[in-house]
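Paired with chain B in one complex and with chain C in the other, chain A is shared by the two complexes that follow.
Showing the complex of A and B:
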């Protein structure tokens, strides 16, 4: 019998340890060189480190690849360096925002935030007193009312665009796209002049929700449209071939087939408006006590709480604002992650 | 392969397909009888925009028979079959002329409820398309909900339709599973069961096996043979063996640059063993198409 060795899985396309050590040496060399350069020249600060490091690393990497593998590989390396620079410049602000919010926000967190409102406290009181439950409830109500208005309207718009395909498809598509670019303060001012000054004459959560709906409808409509477009025409034909009218086919076949996608559209719409501030400041009045009636009286909300606390400017009020930002960001993050999970479940099915 | 062999091969094919068709005919006449005209197409023309795609097609489809429509791609088979249950009009820019008579009434007459027509003339598509959000049993009964029909005993109907579609034994223990969890061939038989649940008189099948493997194809062909005893079946197929195996009548359609026309229509045995038109002979012997 011939003794055969069991075949081990290998990855011949990967860099060898020696090559990897060399690449690391180039990286470490660039780091060291930039440290020395900043130390001995008048260049100062983090930005200087970053710029000097990038230049030295790019040059070293180019030379290294040119010597070891030739000009083409060297050009490839330089392109890669610039792509990495681009990504880090794009991601840096996001990471920095999240980092700052976490670092500054956790200082203001305590359980009392979720059980107390600001009825008996001022924003400059010690951080352990008072809370933002009124703002949480207010934001919840504002979002729910806006959802009740926008989700049906948005989905119906999407159904018009993908199912009915009437003669107004192009203008409506254009309008929806244009609407998704409307600045939030314009939506707020519109509701202020068209509804508040003309009819209600007072602040309330409801008019705030109306303004938020203006911002939410385009998001819901556009996402829903994309989702419905993914449903194959086979299913629509099968529904009609079984004697269904168009309405029954859409309601029983097309929309159920797209339901997780439509849920994603709804969540993205909510995430879009949960932190909107300008229309809230103009329209809701921003109370300090829990108000669960959207049609009467001023209503607090997270963005308003943050804005108001930050504007006062004492150390306590600023800590309060950061805690509010932390809570708001956490809510939006949870919404985005659940939208992501819903759509992944859809694509894996 | 020698010259002589390649010359003689088409001749063999003609006789073998003719044999298949004759065997099918003999087995069939023993069990059923033809019950009169179920569906009549009268001078059907169809257009997409300004382009005429089928011209003056007239055919009678008899109850209790299977009619196969064969012909090369682009000859208007699918368009023709879609005019028969008014699915043609869903395509933007579509137009048609002519009459389709179901039990003597024109389905294109003004005032006709088109959804009722599609209940009587069901359709099975090229690609299996079970409704993804519904379970197997919901899929079968979907037509009742879509057309808002009432049925006294849903369980019986469910079993009957799956039985007739030849799927009951494979799915009876998992009727609550989603339709998408079945194999391609099972999905297609589920779609057949779904069209049967609204009790159509005519069943149109647009290349129902083109996306399936030979085993599933065989099962669907058995299903078609069973169904043909009680309804009118019209099947578009690219597979001439299939046409010979399942159909009683065959129409050969051809588009010679212009709109598609019917070249020859007759009993399947005749079309495959002694075609009258040279173009039919060339097609069924595999010389083109």
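Showing the complex of A and C:
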């Protein structure tokens, strides 16, 4: 009987341990050299450390690859260094932002924030007095009213683009794109000129919601369009084959199939507008008391609360602003993560 | 289940439907409703233009070209305390140039970082890291601008001030880095860096999208011919994605031009054309509107509407170009 020994698969393209050790040595050498350089020369600070390390590492890596594998490999190594530099520079701010908000925001957090409004307090009072419940309720109402306006319009636009596929698909796609580029302050000015000066003559939550819907419609429309595009045509054909009219097919087959995706679109739209500040400053009047009527009286909101506290500029008010930012960021994070989870579940099905 | 025998005789068929290509009534209603909803974007954009032009018209007419070439902003009153349109001056040239300056700095900083990040996400990152990083970048695009404003003011500005001093010290001979008065805070440079951080996620996600459409067969062909990763990127990915990069950059530029609150928090707005990016005096149309709005009289509001119209048209043009470029390049191979 012939004994067969399974041959261990070889992967000649992978780096051997010796090569890996060498690459690591280059990395460690660059680290060490930059440390020494920063220590002995007048270059100081984190930035200097970062820059010196990057330059030394790139040069060492280039030389190492040039000697071991030639010019092409050396160029490849340089590109790799720059690519890693790029992604770290892109991610660094987000880490810093989240870190700062947590560190500074936690100081201002206490339960009173969620049970009091600012009726009896000014923003410069100690942080233990007053709260942002009016802002939370205000933001909630603004967002809900904006949703009621923009979700139907956004989804209708998406249905037009994917189901009806009429003559205006190209222009409407373009218009949605153009609308998503409308600066938020222009949306605010538009509502100011078209609604406030022409009809209502007063600030209210509702006009703020109108401006927010302008910003929300394109987000909802584009995300919904992507989602509806993923629904296979088989489903549409099956609906038609069963004798359904297009209306019945869309309403009872396509939209239910894309349910979770449409919910994602909605959540992303809300995340887009929850922290929108400029139109809120122009339109809502920013009250300090709980106001649950969107059609009457000034309405507070989280961005306005943060804005006002920040603009005053005393240490107490700035702590207040960071606490507000912390709450806002928490809301955006929750919305974003739930949107991600919904779409994850959809794609894994 | 009991079986029932159905004979053809005692079954009642529904009446035969007429075969037609004419849509039914319900479908006609459906199409009407959906098309109307879809045209809402046209309606809204049209109304924005109409109302801003309607309210800003009187100012635009009385100021003429001075509105975009002058840089004096002055509300004059006659002896009786009424608004005097002859003596009042509204010019936004300094603001327009400031807007361009800030956004161009932002783009110059953000574009290389974004392209390298997109390359990392598509061709360097292991799958699990790619998934996380894509989420992180998308999350950053969803951050509210006031967050960038506060963070920029309290955290970023001290560092950027230091970088600006370095730039001034070593590259001070370049005209735009010159400065007469050493005020480094709240400069267009700081605002540009904050804007860059805001548009990096936007550009990155567009460029990544375009890069990921690079035909796989060409990538593999390049590898099969012995290309290193960089040679592959240079020979296949970059030519394929060139339009996407340009389009993404334009889109980022449009976003940077319209940004209000973040710029307002870190920029010192001064009514004077200033090309020296490190000096703490700049302009920005959107922030100027916010700044002036608080204590503006009815006539000044009209001037702000006109400024809003200019900003709207500016971003519309930039976005249109971006859309055109992205659509022309995306998807099809060359």
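The rule is simple: the second predicted complex is superposed on the first by the 308 of 349 C-alpha atoms of A that agree within 3 Å, B and C clash if a C-alpha of one lies under 4 Å from a C-alpha of the other, contacts with A are read in each partner's own complex, and residues count from 1 in each chain.
In the analysis below, contacts are C-beta pairs under 8 Å (C-beta built on N, C-alpha and C of every residue); 3 or more make two chains touch, one makes a residue touch a chain.
Quick caveat, the model's predicted, so the values are computed rather than measured.
Chemist: Where does A:237 make contact in the superposed view: on chain B (first), on chain C (second), on both, or on neither?
Modeler: Touch status of A:237: first partner only.
Chemist: Considering only touches as defined above, state whether A:245 meets chain B (first), chain C (second), both or neither.
Modeler: both
Chemist: Answer with first, second, both or neither: which of chain B and chain C does A:257 touch in the superposed model?
Modeler: Only chain B is touched by A:257; chain C is not.
Chemist: Which chain makes contact with more of the residues of chain A, chain B or else chain C?
Modeler: Here the partner covering more residues of chain A is C.
Chemist: A:25 in the overlay: touching chain B, chain C, both, or neither? Say first, second, both or neither.
Modeler: In the superposed model, A:25 contacts neither chain B nor chain C.
Chemist: Could you give the residue numbers on chain A that contact chain B in one complex and chain C in the other?
Modeler: 245, 248
Chemist: If you look only at chain C, which of its residues touch chain A in the complex?
Modeler: Answer in residue numbers: 23-24, 26-27, 29-31, 33-42, 44-45, 47-48, 51-52, 54-55, 112-117, 119-121, 124-125, 133, 135-140, 142-151, 154-156, 159, 162-163, 197, 200-201, 204, 228-231, 233, 251, 254-255, 257-261, 265, 286, 289-290, 293, 304-305, 308, 311-312, 315-316, 318-320, 323.
Chemist: Chain A touches which residues of chain B in the complex?
Modeler: Going through chain B, the ones touching chain A are 85, 87, 90, 115-116, 118-119, 122-123, 125, 127, 129, 131-134, 142-143, 145-148, 180, 191, 194-195, 198.
Chemist: Quick one: which bits of chain A touch chain C in the complex? Just the residue numbers, please.
Modeler: The touching residues are 45, 47, 72-73, 75-76, 78-80, 82-87, 89-91, 93-94, 96-97, 100-101, 104, 152-153, 156-157, 159-161, 163-164, 166, 168, 171-172, 174-187, 189-190, 193-194, 197, 214, 217-218, 221, 245-248, 250, 268, 271-272, 274-278, 281-282, 303, 306-307, 310, 321-322, 325, 328-329, 332-333, 336, 340.
Chemist: Could you pull out which chain A residues touch chain B in their complex?
Modeler: Going by the criterion above, the answer is residues 232, 234-235, 237-245, 248-249, 252-253, 256-257, 259, 349.
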